[in-house]
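To keep things simple, chains are lettered A, B, C, D and E as they appear, and every chain counts its residues starting from 1.
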Amino acid sequence: MSDPPLLALRGVSKRFGAVHALDDVELEIHTGEVVALLGDNGAGKSTLVKVIAGVDPADRGVMEWDGRAVQVKRPHDAQALGIATVYQDLALCENLDVVGNVFLGREVRRVGILDEVEMERRTLGLLAALSIRVPDVRLPVATLSGGQRQTVAISRSLLGEPRLLLLDEPTASLGVEQTAQVLDLVERLRDRGLGVLLISHNMGDVKAVADHAAVLRLGRNNGFFDVTTTSQEQIISSITGATSHARRPPRTGEAGP
Amino acid sequence: MSDPPLLALRGVSKRFGAVHALDDVELEIHTGEVVALLGDNGAGKSTLVKVIAGVDPADRGVMEWDGRAVQVKRPHDAQALGIATVYQDLALCENLDVVGNVFLGREVRRVGILDEVEMERRTLGLLAALSIRVPDVRLPVATLSGGQRQTVAISRSLLGEPRLLLLDEPTASLGVEQTAQVLDLVERLRDRGLGVLLISHNMGDVKAVADHAAVLRLGRNNGFFDVTTTSQEQIISSITGATSHARRPPRTGEAGP
Amino acid sequence: MTGRASTAPGRRVKRALGQAWERLSQGESGSLPVVLGLVLLWAVFQGLNGNFFSPRNLSNLSVDIVGTGLIAVGIVFVLLIGEIDLSVGSVSALAAAVFAVLNVNEGLPEWLALVIAVLAGALIGALHGFFFARFGVPAFVVTLAGLLAWNGLTLYLLGQSGTINLDDQGLVAKLTSYYFHDIAAAYGLAALGAAVFFLAACRDRRRRKAAAMPYRPLREIAVRTGLIAAVAFAAAYVLNQFQGLPLALLIFVVLVAALDVLLRRTPYGRRVYALGGGVEAARRAGVRVAWVRVSVLTVSGTMAALGGLFLASRITSVGQPSTSGILVLNAIAAAVIGGTSLFGGHGRTWCAVLGMLVIQSISSGMALLSIQSALQFMITGGVLLAAVVLDSVSRRSQKSRGRA
Amino acid sequence: MTGRASTAPGRRVKRALGQAWERLSQGESGSLPVVLGLVLLWAVFQGLNGNFFSPRNLSNLSVDIVGTGLIAVGIVFVLLIGEIDLSVGSVSALAAAVFAVLNVNEGLPEWLALVIAVLAGALIGALHGFFFARFGVPAFVVTLAGLLAWNGLTLYLLGQSGTINLDDQGLVAKLTSYYFHDIAAAYGLAALGAAVFFLAACRDRRRRKAAAMPYRPLREIAVRTGLIAAVAFAAAYVLNQFQGLPLALLIFVVLVAALDVLLRRTPYGRRVYALGGGVEAARRAGVRVAWVRVSVLTVSGTMAALGGLFLASRITSVGQPSTSGILVLNAIAAAVIGGTSLFGGHGRTWCAVLGMLVIQSISSGMALLSIQSALQFMITGGVLLAAVVLDSVSRRSQKSRGRA
Amino acid sequence: GRAAESGTAVRPASPTASGRPTIGLLVPDSITPRWDRFDRPLIERRIGQLCPACSVVSVSAQGDVALQRQQVDSMIIKRVSALVLVPVDAKAMRPAVKKAREAHIPVVSYDRLAQGPISAYVSFDGQEVGRLQAKALLKAIGPRRAPGAGIVMMNGDLADPNGVAFKKGALSVLTGKVRIEKSYDTAGWRPDSAYTNMAGAIAALGPRHIDGVYAANDGLASGVIAALRANGIRPIPPVTGQDAELAAVQRIVEGVQYMTVYKPFKPEAYAAAEMAVALAHGRGPGPIARDRVRGGVPAVLLRPIPLTVHSIRRTVVKGGMYTIQQICTPKYRPACERAGLVPSAEPAR
């Protein structure tokens, strides 16, 4: 496959004061591919997501999109490229209701006025697809349970036509059934040709949906695996640092599903 | 076993506007017992924890402690009884550093002045026991990663000598190794005679450490199981509502490990 | 939007009322307690001096709230994003001074001077917004600096002439002195308001029904419309007893309604609320935070300028601004008493109207009772506190609601 | 506390300095930019009028900051919990009036009148706190009501006598007019301050070393002590050139230092910060939120009363309060300029001192240059803004830091 | 030229149903003690003497033009028979005065000359006040030192037309006679601003180069004197004042303030009361209004009196403003003895 990757990161670094959160990180995501991003707590996974999403740009490093270098300095830039994100801390506006949060920044309007009916209808549709009950989509999200909030954040990210989905522990507080639904959804999106970056601490989930797994350790790449051919133990030992894989993700041309 | 349960809830109900978050819920936790509280998203698990912890008291219902009815109206009351809690949303003070958060409300003092050295030493000890690296315990928790924050919240709850530990999805954003450590810890605490209420969506974890499992569904009791003798499928079907168990947790005398 | 469809009409209404009460008591539009407080206040003043409810006094009251009320509406915008604007008093004085100097001293036509004065307010607001959004200087400090600087500029502008009298037949003077003597005007406005509400509610209902979504029962819509119509027609009746509908009130009500629609029915307004609910969340959702901030402070500057012109119109003259922050405090207090949160994200433009009614009623009642100044301060403080305690306590008595 | 032990002494210092800079620029104690702004300000004023740096002017400055500075310290407490106290101006005027009426008119001994006046301030603060914590009325509104009510009470108290002259040999007058002419006093205080810092740092280091925890290298401690000593001795030198160490300054510094210890080294202070970092989190941790709130408003009332006595002492007379919010604004501005966050959780008592220095320097420089009031307002506003822009920009240029 | 507006007699509105005329008194603020302490009681007393059936309602505007306008509205609603008005802003109250006139309520402008169709006016001559202060200052500095002497001017709030008048009067005397080293205008008449400005002047000029201070009123004088004291300047150079506040009279006795201007409130208040009662009964302002201002408004113009330590008995004590006892509190007893206000070594009486 000679297509350029959907997204490629080259030598991305980021410091917070004395902490090297990311140190010369490389990553590639192709269309129609689910890449799992793994690593211990504090490995820098969320920081990497925020770099890609333009929330907190990197200090150094290049980001390529469809093979062309791009500058992503604000969340807006990333959205314009077609990157949708579910953040680990969800980042919802507590005072807005569910509909308001799902459509924030992408409101449906009729002659300049919000079309609440249409937005509510579509929100109900999205939530139904994730098989979660929210007591009332007109309640402020501050009153929702942890799992309900997470579903709102996931629904948000499915709006518009994203080309790349960044999911930072999207199922952390979801129930068994809901988790299955989200994983299903991820597979369907992959089949529709989206690229997905999935962060999870659950090896089972990773095994179930991911094609490749990239491991971060202390802010550095620590291995890139084909999930189908690598054993779970191998991956875990790479996460915990029992083995050190200096190997980087393969450059374009080597990789591919 | 004729000891009264450490904690017993009788007919606890709570409404938020039109939402019945808890409806006539019964629960018992004995010393030296780990009870898993299971349920779908929005089932009312966190609401129940907040009722017990005095954060958001129930509308109706009785709470018994060591067999005597008690009034828990404020978090302070629960702490005085020896109830320590890890909340799902962690509830940390963003501007305080790790040490400050761990010891908030229970500061170590020497002649009225904070003993920072001692507090820092003990914090480092607690964190080491949970095998998590925090770059600097003097950084405000706002800068920590999701898992690091969760560990801070868990460390907090271990201070003092609690008799009952309420853990609301304590491992949701922890790594594989850290999760194992926390489960280990729970077992050690049980062996030291503490009661533990563990909320988790992970059946594996529940199977591993819980003695009993209480299931909530739509705010009502929907089954109480002995984890060792019940199959995982049975519990899950009770969670998702495939089966409806009107059965309540047994009253004192019937139950026990 | 509130009610979900149900079956038996009787239960339906009951439920609708119950839900309305819940909504109200949930703070988003929790103005009921303030309304009760206001009614109580009025009853007390009327009991103490029978002139309080005289059409002349009520009509005056309705005009007196406009100047500071417009400023308070601007403040509501700023409070919604969780910030504060201390400069509104100075900006309103400056706008009035600009108008007076241009029109009276320089001889510009009134409409041009008026436009320039309002634009000056907008520009100043934008400047504050720029410093706030671009350099991250807290809005409090930017507008505090503005308070001082624009005060100085006003002093300088008026330095040569001192107080300037406005043409009392002029456009600006008319703003508060013109009344629609025709009784049809007041009644017409009341009817229009009720009709617009009714039609909008019905249209919403029809669309929801079509989309197979829960909708508000017709009976509930009728009850609400009836309430609104009753209040509006009562007000119109009183106004017509004196001189008719005041132009100032008309402008005020139309502006407040328009800005309410802007805030609650447009994408722009949604973003303003979003900023108040979490700047970082809004930023990640792609909201251009800096732009919204600048715009909000521009609105507040513009409303301050407008308010300043109404205040000047009321006394048909423009004098040295008082350095006292009384105007700012009144405007902020009006917004807060009306139910706007100081911490952002909750409030409506109508809050400013309600709050101004409370404040102005106190001051008008005091004037009627000719209370000594020492006592006057104390009573104003006490009544203010009582009104808000009533409000807070009735909210408290509802369930306290934590977060998961 | 900051540094972690390392090996080579050269690198150690470098790293320590680097870390100190990072700490500074991280906002918790990010006062460096304000200090730079202050130095710039001084340089400009000195350039415009050579008398600015005269010992007389600097000594006056050091006394002039005390009255409003004490009020600002109280405001820091309130800002730390994310609230605001608008009543401090009125409370300070009331305390002065209480003192004057009791001492001069009623003939009570000075010390008793003084104690009663300060207690009155504390009581009023507690009352505000009660309404705030018990009824959940926003502190803004409670203290706004207080602003009005206490103003009225002061008017009433002074209504009979008008302005009251204080005994200019009395205790209160001495508060600002007494100087320790002995040069040993100023130098002694400077030496004491440096020594206390040094010993505390060494003790901390020893204990950390004993507990096998990272500790601050001796060299770093020496450098810091040296810096503190240099500033302190320079100030002492200047003061000794005029009349010696002013009693007012001594009281101010001691109070600020004591309250700094209270805030940052006691469980009580920790809870104050916790409230600012998240009320709900603090509540769940078992902090008695209502109690802390009441206590914080009590502190602010007490400090306002103290500050009022110093302000009265400075002009040895107590007159009718002006309704202007200038005093409140100055106090809040001082706290904010010094680096206290308006949103709670960040700030120190020393912020108030720094901020007051900025504000009082501007006002003293203006007086020195006898600038006309119109211009004076504009310049004050401009300089204020410039000082804070400098501060904000230098903070910004550090990495922007989001949250996980 | 508002001769047309300035009629004399106005047919009063039906003097309320009960037939008891009410007279409204509007004072501008509560910061200046005189309104509540002297003017209001004096006017009320005099009205009570002249017309026992009359009642007086008084309100204070807290220095707020809009509030005063609202208070005039309330007075109209209550249908008072006459108004005694101290305008917060003389120009800005014109529409309110006009509105009162339209409601057939005559307005007596008190102490400050309100614009609009007022029926009568009573006050002191503002420029004369400034001239008196300046002359006294020159006298205190002494004709010998005067030519080279440097003074500091602490003017009042120039937003207040009286403040402008005082400054103008003072400058008309001082210009050319002394060097005005520094001149400050004090927004809001705030003593603490006067303090700060004076401290700045001392720092800028040096303590020995200030031969006198022109302070526009007693409040400013208190700030000025405090600054001089704080800077250890002894003896304190002559400082002027105005209003004859008790605190100022005490300072004069003590010797730290040189003079103040005494504007006897009683004649002013009585004149206002007499004219208001006459107007309320539908008559003209009466024979006491001998002067005319602004082309025909009947007026009573009173002369201010300079007050120094030598004239205390003749002025404030005789005029019934303060008793010797009020002035000579224990603290000021020695100074009073020196000044001859109380006989030495004998209890005051």
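A few comments on the model shown:
Quick note on the criterion: a contact is a pair of C-beta atoms (placed from the backbone, for glycine too) under 8 Å apart; a residue touches a chain by one contact, two chains touch by 3 or more.
Just so we're on the same page, UniProt names per chain: C, D = Xylose transport system permease protein XylH.
The structure displayed is predicted, hence computed values, not measured ones.
Greatest Cα centroid separation from chain B: this falls to E.
Look at the contact of chain C with chain D and you find the same residues on each copy: over half of the numbers used there are shared.
The centroid of the Cα atoms in chain D and the matching centroid in chain E are 38 Å apart.
For the pair chain A and chain E, the distance between C-alpha centroids works out to 75 Å. Distance from the chain A centre to the chain D centre is 47 Å, each centre being the mean of its Cα atoms.
The set of chain E residues that touch two or more partner chains comprises 30, 36, 62-63, 158, 187-188.
Across the assembly, chain B contributes residues 16, 18, 46-47, 55, 88-89, 143-146 that each touch 2 or more other chains.
Residues of chain D in contact with two or more other chains: 155, 159, 280, 322-324, 373, 401-404.
Chain contact summary for the complex, chain E toward chain D: residues 30-34, 36-37, 62-63, 158, 182-188, 190-192, 195-204, 207, 218-219, 222-223, 226, 229-232, 245-247, 250-251, 329, 331.
Put simply, chain D touches chain E in their complex at residues 49, 51-52, 54, 56-57, 60, 63-64, 104, 155, 158-165, 167-168, 176-177, 243, 311, 314-317, 319-324, 363-370, 372-373. The part of chain C that touches chain D in the complex is made up of residues 86, 131, 135-138, 140-142, 144-153, 155-156, 159, 280, 322-326, 328-329, 332-333, 336-337, 342, 373-382, 384-385, 388-389, 391-393, 395-396, 402-403.
Interface of chain A with chain C (complex): residues 53, 55, 74-76, 79, 85, 87, 91-96, 100, 104-107, 109, 112-114, 116-118, 120-121, 124, 138, 140, 142-146, 149, 156. By the touch criterion given at the top, residues 1-2, 28, 204, 207-208, 211, 213, 261, 265-267, 270-271, 273-274, 276-278, 280-288, 344-346, 401, 403-404 of chain D touch chain B in their complex.
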